[in-house]
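Read from first to last, the chains carry the letters A, B and C; within each, the first residue is number 1.
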């Protein structure tokens, strides 16, 4: 809701505060925040660049503010999606009723690389597949949200949600007494509780949780160590683990110790060289055997990628209806599956107005933003599309709403998206009120990916 | 027919092994065509870490070596009562859908040679006789011969090499059947050869799915339909799914493997 | 604690200690190069030998020229023991064990890495060398301060201390080994100005040239310096001091875990070499042989600790 002066009502209190601030002081604070991030080592490694290259994700000190009523709707919508996705995964790896019913074409699953046959005829402990989901959402207007992507594999970015809030609390404590913002700081505790609740039935006593990282050169290593630290659990690598006494166990200074729940930040393909890629040195040989024997929980479960594939994405409203009997609360962006001839034709003739994405791509790579592309780029992309149409989907460019960021010249509008994090356990779904807001720092740009010049900002969900 | 089986796989490592794993499919399942009486899996120099049913319903065991061993022996013994159904396993299904068995794997991708073979199926009046013709054609194109192929030979490679062992025949057959749109799978198991107690190795054959009959077996190497001399151990899309033993060592020691197998009435 | 974590802590502090030791050797060497240019080459060579870098250095350079030596030891990526290399390695290890460190320790290591990567990005001019070396020593002292001031005295802290002192004992023993001839009683008779210079360099290499004067009455003689470096329990870089530290930190771990390992016996044996010992008996045994076997025992102790506490397997 906008008032006469063009300020969204959720930003009113913040704006009052902001108008009293000295821009130079804020600029100094902003520089301090960056220096702190650097000293703390909150950096990420960029793929395709040298190992030594560690970059900072730019942080914007103006929070993105979401009203409580908007959040309630969002949270309900995410809860619904996440439940449906778990039901879908269980079904697709067991009876496949949704395929028998003809709601989803068999081809969509049969030709999906993320479908892991090794997960068939199996229920993970507690029936949970996606212990952690990060749903990418954009807002186009008052109470109008679209889901861009359901990240059901190993969504990252939650450390920024927590660090950004911590930074804001340190820099502007007075703001938090003026404006009542919902707390995000319990996330690590809730994550640990949620993972413990998902432990295998065979586990006696308090479950031992550990995080599996590919190692210090992984782009998200900071987040892995941050979460391990915040949860108070060990951060392990593949070579710390082996199978001992029927369990996955970690090598400690005093011998091997059983792990009950492994929050793994290693992709499916590398998880178990005895089952998947035999050349992987990042995984744990035999972990899938222990998993099927019911002696470990893997979070997220292997094979969840089949639910967040961009081609499956377009069916999520049908999936929600099939498993919950309800209409989807959150909208999907209209999606043209280029594998279908009509959709391909439409995409080719409207390329300059569409966003075209690779079905299996992520991180904003291999994507065409039609309105921002040159004639040459459009022509080149059209050739790629014609050569392998099944690799692409197209979506209309949404008129994303903008939020203010702090620049040298004062506040300026930029496009953002939002990734709230949902935790799933046999006890239910828990959605932290907040999330990772990514912002396209270039004026007019729609690309928010950190690997391509995006920044982040704190996300405030108001209490009232 | 009641078959007595004793199957030992003996590994010898040239250096003490700190840690090694073997995933084995060495427990036959009771089903319509075979009933497992007593069955025992014994490990020397190692232990069973996990026992479970895999995604095809196969009994699987994960075995780890004891620290510092130089030998590992895995022995499966027991008796199975079999029934002759002329190769028909029937309409017995696990969770894996039929479309899954239409998909090729890296070992069973159809190249031009496999596609050429698969045309034989169409040339017959019905699928069943087409598949018999295919089986005969494969044995003619790739007569049974040891040592020309290895465990990583693809179906397409095998036809190029022009000979193969039971594993290769099963791969070529499943690849060709799938190329013709018929769901097909790889089967590992035991075969009693008449008048011979000691067998060189465990056996492999193929099964295809036909609408009327369900799953039907073809032993290409012997040019026959599996009967009551056959014991099924495991199924999958290729040998990597269904092989009786799949291992992995960490470290640099070399291993030698000796298999002793006895199947008798 | 994960075995890998214990290893990461141990190595992180070994590497930081190594950076500091190298800086100190460079400082001592540079002083000679400035004041006695005729001895410079020989002195640089002994620095390189002390750091076990002779093979790598000679593969690259023909002469022990100041510029080459300084660059090789400060920032050459081909030299795994250059200060830049070991600071990188220390920081990688710190990243590996980050959950075991206080934020103060982590931030001090990270800052050390940031600052030194910046300072050592380009070749260091000789006029800037003293400042650069001072910065290195200051940064590593900062990390040690954070370690002592903020870490709980658990096994985590003990593995850090064991790493520091294993590296230190190795370093001091190497320094003695390269110049052992100048410490022998006989050479002090032959001696003269040359030995004075050698002694001073030696003491500077372990930051003890001033404390020696305060602590030891006997004046500059080879045996007195040898005694100070090997048997004086007050000097934090003496062989006896470091082995005492190793023994007591390992004893803590033994008690905490309720289990004695082989490394405990080895550490005790190492300490026994120095306990209640007169320096004269070491000369009788042969200083060179004595130091050689101390180096060997220290290396073995390091391997045994890695094994007993499962750093790698």
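Heads up, the rule we're going with is that a contact is a pair of C-beta atoms (placed from the backbone, for glycine too) under 8 Å apart; a residue touches a chain by one contact, two chains touch by 3 or more.
Nothing here was measured: the structure is a model prediction, and the numbers come from that model.
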Touch-based graph of the chains, sorted into line, ring, star, complete or other: line
Per-chain Cα centre nearest the global Cα centre, belonging to chain: A
Length of the line joining the C-alpha centres of chain A and chain C, rounded to whole Å: 47
Length of the line joining the C-alpha centres of chain A and chain B, rounded to whole Å: 42
Whole-Å gap between the CA centroids of chain B and chain C: 61
Contacts with two or more other chains, residues of chain C listed in rising order: 313
Of all residues in chain A, those that touch chain B in their complex: 93-96, 99, 106, 110, 117-122, 242-246, 273-274, 278, 285-286, 289-290, 292-295
List of chain C residues in touch with chain A within their complex: 1-6, 92, 95-96, 98-99, 103, 106-107, 110-111, 114, 155, 253, 257, 259, 309-310, 313
Residues of chain B touching chain A in the complex: 19, 21, 23, 49-55, 57, 60, 62, 64, 94-97, 99-100, 102-103, 237, 246, 248, 250
Of all residues in chain A, those that touch chain C in their complex: 38-41, 216, 221, 225, 228-229, 234-237, 239-240, 250-255
